C-alpha cells in the first residue's frame, strides 16, 4: 500500500497534466483548482510517507536494496536490452528531499495564481517539472535518474522563456545550456560506470558492490562531480543561476533554487561519492578550493547587487557552497550537515523567492533602491521576507543555523590544510551574509515610504498560507533537529561506510 | 591501343574536369567541367565494352543512356542558371553562396 | 669518411602502355593528345565562350576515339547530342547572360594552384591504382564485330526479354519529357518578374 | 508540584509565551491586553526567579552547580552533543533574578512610555523575546546553547533598536548593532568550533575543568600554521572572548552601543542593564576557569576593558545627548567589569577576587543603570528631546524622579553607602592587589570622571532655570506607570551593595581553578578612601561648573566655540566616521566591488569567450556546409586520397 502511494508521488502530477488536457485554457478557475488539489494530495502523501520512514527507522529494510536501507522499494525491469530497471525507493535522505519538493511545488502552484500568459500550459509545466524532480529523488537506477534529470532542465527552459521577466530568453538559454553541459559530463561517466561496472546493471546498489578500477575513478569522479555541481552552481559554473533566477517566474525560481539546485548536490553524494569513494577521497580536498568563491566571495557580490533576485541568487550560491563544504569534509557530521543544508536551504530559498515574487507582483520592480518603507503597507510579506533573511543568515531557531553549524563542526573534523582554511573563512563570512541580508531588508522594508506605494495591499490568504507553511517548516527543523538528524544519519551511514572503507585514511578522530 | 591507354586517358580527362570544377567561379564554366567528367566516364564505358566486356552491346548502350541523361541534366541546369541570373543578376558561385544565407 | 649510402634497389615497373606500333596506335595517341589539349584549353581559358568552343573540339575528338573503338553509332550520337545540342545550348545560355563580363570571374592564383595540385594527385593515385593490373594491358579485343551497330542496339533497346532494355528506354523517354517541362517551368518568367519588368519600363 | 524544576521552566517559558501570544495573536489588536499579558507573565517569571534564588541561596547546596533540566538538541559525534538545559549556580541564579526583575520593571515602564505608539503589542512581544533569549543565555549548560541564545539576543536587540523602522537613523543603528556583534560572533563561532574540536565537548563542565598539559604535545593544522593544541586552545579562548568583545561593545567595536540609543528608551534600558551588553562579561565570567588556564587571553581582556573604561568616560564628559552620556557610562562600567576579570592574573597565578568583584558589579550596575535610563526616558517623554539644551529646572516638576535619579547617580559614582561603591571599590582593589598599577590608576581616574559626567548630567537636567517652553509652562507631570519602576529600582540601587556584599563574598567563586591560586595579596585598606576622595572632588568640580551660582550654563552647553581637543572628544574621536569609511569604502566599495568585478568580468568574460569560441568553431564548420561546390569536391578528393593512403580502400 505504502509502496503504491510512494510510486504515486511522481505519477499524480503526470496524471493531473493528462486530466487537464481536454479542459479549455480559458477555464482557469477549474484548472487551478485541479492543480492545487493535486499538489496538496502529493504533499499529504509525502508527509505521511516521511512519517512512515521516520517510524520505520532501525527496522530491517528490503534485502534487495542492500547496502542501502530503502523503504517502499520497487524494482521492475524496464529497458531489458540495456539492463535498465525502474528502481525506486526511499531512505531518510531522499524522502526528506521529496517532502521539501512537495512543499515547494505546493507553494509554487499557489504563488503563481495570477501568472500572465497561458495558465493551462504553465501549470502543466509545473507539474511536469515536479514529476521530474520527484523522479530524480526517487530513482535508484541511473538511467531512470538521468531521464528525469534531463526532463527537468527542458521544462525549466520552457517556463523561463515563455513566462519569465526581464532577459528571459537569455536567462533561460544560459540556464539550460549550462545544465546541459553538466548533463553531458554526467552522461559520459554514466556510460563509463555501466561498462566498467560490468554487471549489466545501472542500479546504484548493484554498482556500489563493484569496486571500480582506480584509473577509471580518477577521471570519472571529477567529471561526474563537476557535472552534478553545475546544477548546484559550484564555482566556476555558478554563472547560470543569477541570470536564470532573475528571468524566471516566481514559481520557477522557487523550484529552481529550492529543489533543482539540490539535485546536483544530491547526485554528488548519492552517485559520485557513493560509487567512487576512493577518487572522492583524493579529489574532494582540492574541490574545497573552489568554495572560496562560493562561500566567501558570493556574499560580497550579493552586497553589490540591487536586484532582489540577484541578491537571493548569490545568497543561494554561497549557501550551496556550504553544502559542498559539508560533502568535501568527508566526515559523517559533514555529510549530515550537507544534507541538512540541502533541505533547510530549500525551504529558506523557497520562502525568499515566494516573498520576492509577491512583493514584485505589487511593486512591479525588484530594485531595492526604488523601494522603501513597504513594511508599513505589507507587514505580513515584510515579516515573511525578514524571517527568510534571518533563516538565511543562520539565526538559531531556524533550520539554517542547524545546517550551517553542523557543516562547520563537520568540516573542522577534516584534518586537511585546505579544508581548514576554507572552513575558517566560511565561518568568518557569516558576517557578510548578515550585512547583505540586513542591507536588503532595510532598504526595501524600512525607512520612509515612497508616494507611489501608498496604495499597496498586504498578502491575501493564499499568499499568507504559503508563507506561514514555509516558515513553519523552517522553524520546525530549527527547533527540533534531532529527528531529522536521526533520519539522515541512518541513510548516510552506508555512504560513509563505503567512503571510510576506501583505501586511504583521511579522517582523523576528534580531539586527536 | 589497349584498355590501359583508354583508362588513363579517361582519368586524365576526368582530372581536367575536376580541376575545372574547382577553379571555376562561373556556374556555366562549372557545368562545362562536369560535361568533361561525364565524357571521361563515357570513354570508360565504351573502352571496357570494346576490350573486355562479356556483353559488349550492353556497355555501349549504357553510354547512350548516359548521353541522354546528361542532356537532360544540362537542360535543367541551364534553365536554373537562367532563372538564377534573372533573380540575382549573377552567376558567381561565391556571391550566390553569400546570398543564400 | 662518408657513410656508404646504400641506394635502394628500385625496380621500375614494366611500362604497360602500348607503344605506337601500328597505325591504330598512332591514331589513338594523336586523338588522345588533341582531346587532352582541347580539354585543358576548355578549363584553362578565361573566356567562357572560348571554353565552350574548345569543348566542342574535345567532344569531336572523343567521337573520333569512339570510332577507333568501333562504336560508330555512339560517335554519331556524341556528335549529334553533345556538339549539336548541349554545347549549342550552353552557348546560347552564355550569350543570354553574356554581359556579366570576364573580370567578375577571375579566380585567385592559390585557388587555381590548389585545384590543380588536387586533381593531379587524384589522377596520379587513380592511375597508380590501375597500373599494376596486368590484364588491362593485354590489348586483346573481346567485342564482337558490330557490337555497337544499329541492329544490335535496336534489338537490345526495344527487346523485352531477359537482356532487353525496353524499360530503361521508356524511363529515359519519360525523363526527357519531364526535363522538357521542367526546363520550361523553371526558366519561365514568373508573374511578379513580368510585372516588375513592366514597372521598370 | 511546585519545585525548583517547575519554577525553572516557568522562568523560561513565561517570556516565551508572552512573545508567542503577543506576537502572533494579540499583537497590535489590543494594546492593553498585550501589556497586561506581558506584565503578568514577566511578573510570574520574576517571581519564580526570586523564589529559585531564595531557595538556592538558603539551601546548604548553595555554591555548587546543578543542572535542573537538560535535553539533547542535536548530537554530533561521541561526546560532542548540543544540549539545551538549565544550569544553576550562584552566577546564573543571580543573573536570572536580575534579568527577570529588570525585564518586569521595563515592561511596566513601557506601559506608560509606549502608550501612544501604534505597535505596542509588537513592542511587548519583542521585549519578552529579548529577556527570553538572555535567560536562555545565562542558564546555558554548554557553549552551543550559549551561542544559540547569544544570537537570539543579537537579533532581538536588532528588532528592538530598529523598532521605529520608519526612522532611517534607527534602522541604520539597528543594522550597525547587528552587523558589529555578528562580526564578533563569527569569531565566537570559530572559537567554539576550534575549542569543541580540541576538547571534544561543548559542555562548560568539560571546558572549565580543562588543563593544558595533555595538549602540549599534540599539534593541530589550522590551515596557515600548525600549532600545538595547547596554543590552539589559547587562540580559541581569545576567539571566544572576541564574541564577548563585540557583544559588550568593547573598544573598537563600541560604536554600535551609543548609536543604539535610537531605539525606544525602555529598550536602551534593558540592553544596558540586564540583557545584551552584560552577555559579553557574563561569557568571560562563565568560562573563567578556562580563561584562567589560557592565561594570556586574560591580559588581553584586561587591557581591552581598561582602555574602553577610560575612553568611554572621556567621551561621556562632553556629550549633550542624555542617552548617549548614559550609553558611554555603560561602556565605561563594562570596561570596569571586563578588566576586573582580566586583572585576576598575577604573573602565572590567577586570583578570584576580580571575578567576584566583576559579577558583583554586574549585579549592582544593572539596577542603577536601568533606573538611570528609565529616568532619562521620563525626562525625554516630558521635553520630547534627548538634548540637555532643552532640559534644566526639572527638579521641582518631577520631585520623585529627582530623588531617585540622585540615588542612582550617587550609586554609579561610587559614594557609600550606595550600591556602586561596594562593587567598584572591589574592582579597584583587585587591580591594586594584582599589581596592575597602571590599570589601577586608570580605574581611579575613571572613577572621578564617572562622578563628573554623571553629576554634569544631573545638574544640567534638574537644576538651573528651565530651558524648555513646555517645562516653563508647567506641562510636566509624573506618569504613574513610568515612575513606579523608577522608585522600585531605586531601592536596589541604594541597598543592593550593602546587602549583596556578604552574599557575593560567601558564594561567588568561579569554580575550581586549575591555575595556581595561592598568592599573598597586599593590604590596601586606604583604597576606598582614595576612591571616595576622588569622587567627592569630581562632584565638587561638576557642581562648580554646572550648578554653582557662578556657573555659565550656556557656555558649558556650547559645542561650537570649543578647542580642537574638545571637538575631537565631542565627535567621539571620529570612530563613527571611521566605521562608515571602512564599511562603505573598504568593504562595499573595495572587497565587494572587486569580487563583483571578478565575477562580472573574469568569469562572465571567460563564459563569453567560450561562447564566442564555439560560435567561431561553428562558423568554421558552417563554411564547409555552405553549398560551396569546389570545397565539397576538394574535400571529397582529399578524403579519397586519405582513404587510399591511410585506410583500406581496396584499390
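Which chain is which? They are A, B, C and D, in the order written, and residues in each are numbered from 1.
To be clear about the criterion, a residue touches a chain if its C-beta (ideal position, glycine included) is under 8 Å from a C-beta of that chain, and two chains touch if they have at least 3 such contacts.
These figures come from a predicted structure and were not determined experimentally.
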Count of contact steps on the shortest path from chain A to chain C: 2
Comparison of B-D and A-D by number of C-beta pairs in contact, larger one: A-D
Of all other chains, the one whose Cα centre sits farthest from chain C: D
Per-chain Cα centre nearest the global Cα centre, belonging to chain: A
Whole-Å gap between the CA centroids of chain A and chain B: 64
Computed distance of Cα centres, chain D from chain B, in Å: 95
Computed distance of Cα centres, chain D from chain A, in Å: 37
Distance between chain centroids, defined by C-alpha means - chain C, chain D (Å): 100
Touching two or more other chains - residues of chain B: 18, 22-24
In chain C, residues with contacts to at least two other chains: 111, 114-115, 118-119, 122
Sites on chain A at which at least two other chains make contact: none
Touching pairs among all chains present in the structure: A-D, B-C, B-D, C-D
In the complex with chain A, residue positions of chain D that touch it: 72-78, 80, 82, 144, 147-149, 151-152, 155, 158, 162, 165-166, 168, 171-172, 175, 178-179, 182-183, 185-187, 189-190, 193-194, 196-200, 218, 220-224, 229, 587-588, 591-593, 595-596, 598-599, 603-604, 606-607
Residue numbers on chain D that touch chain B, as the complex places them: 626-630, 633-634, 637
Residue numbers on chain C that touch chain D, as the complex places them: 111, 114-115, 118-119, 121-122, 125, 129
Chain C partner contacts - residues on chain D that touch it in the complex: 630, 634, 637-638, 640-641, 644, 651
Residue ranges of chain B touching chain D (in the complex, touch as defined): 18, 21-24, 30, 93-94, 97, 100-101
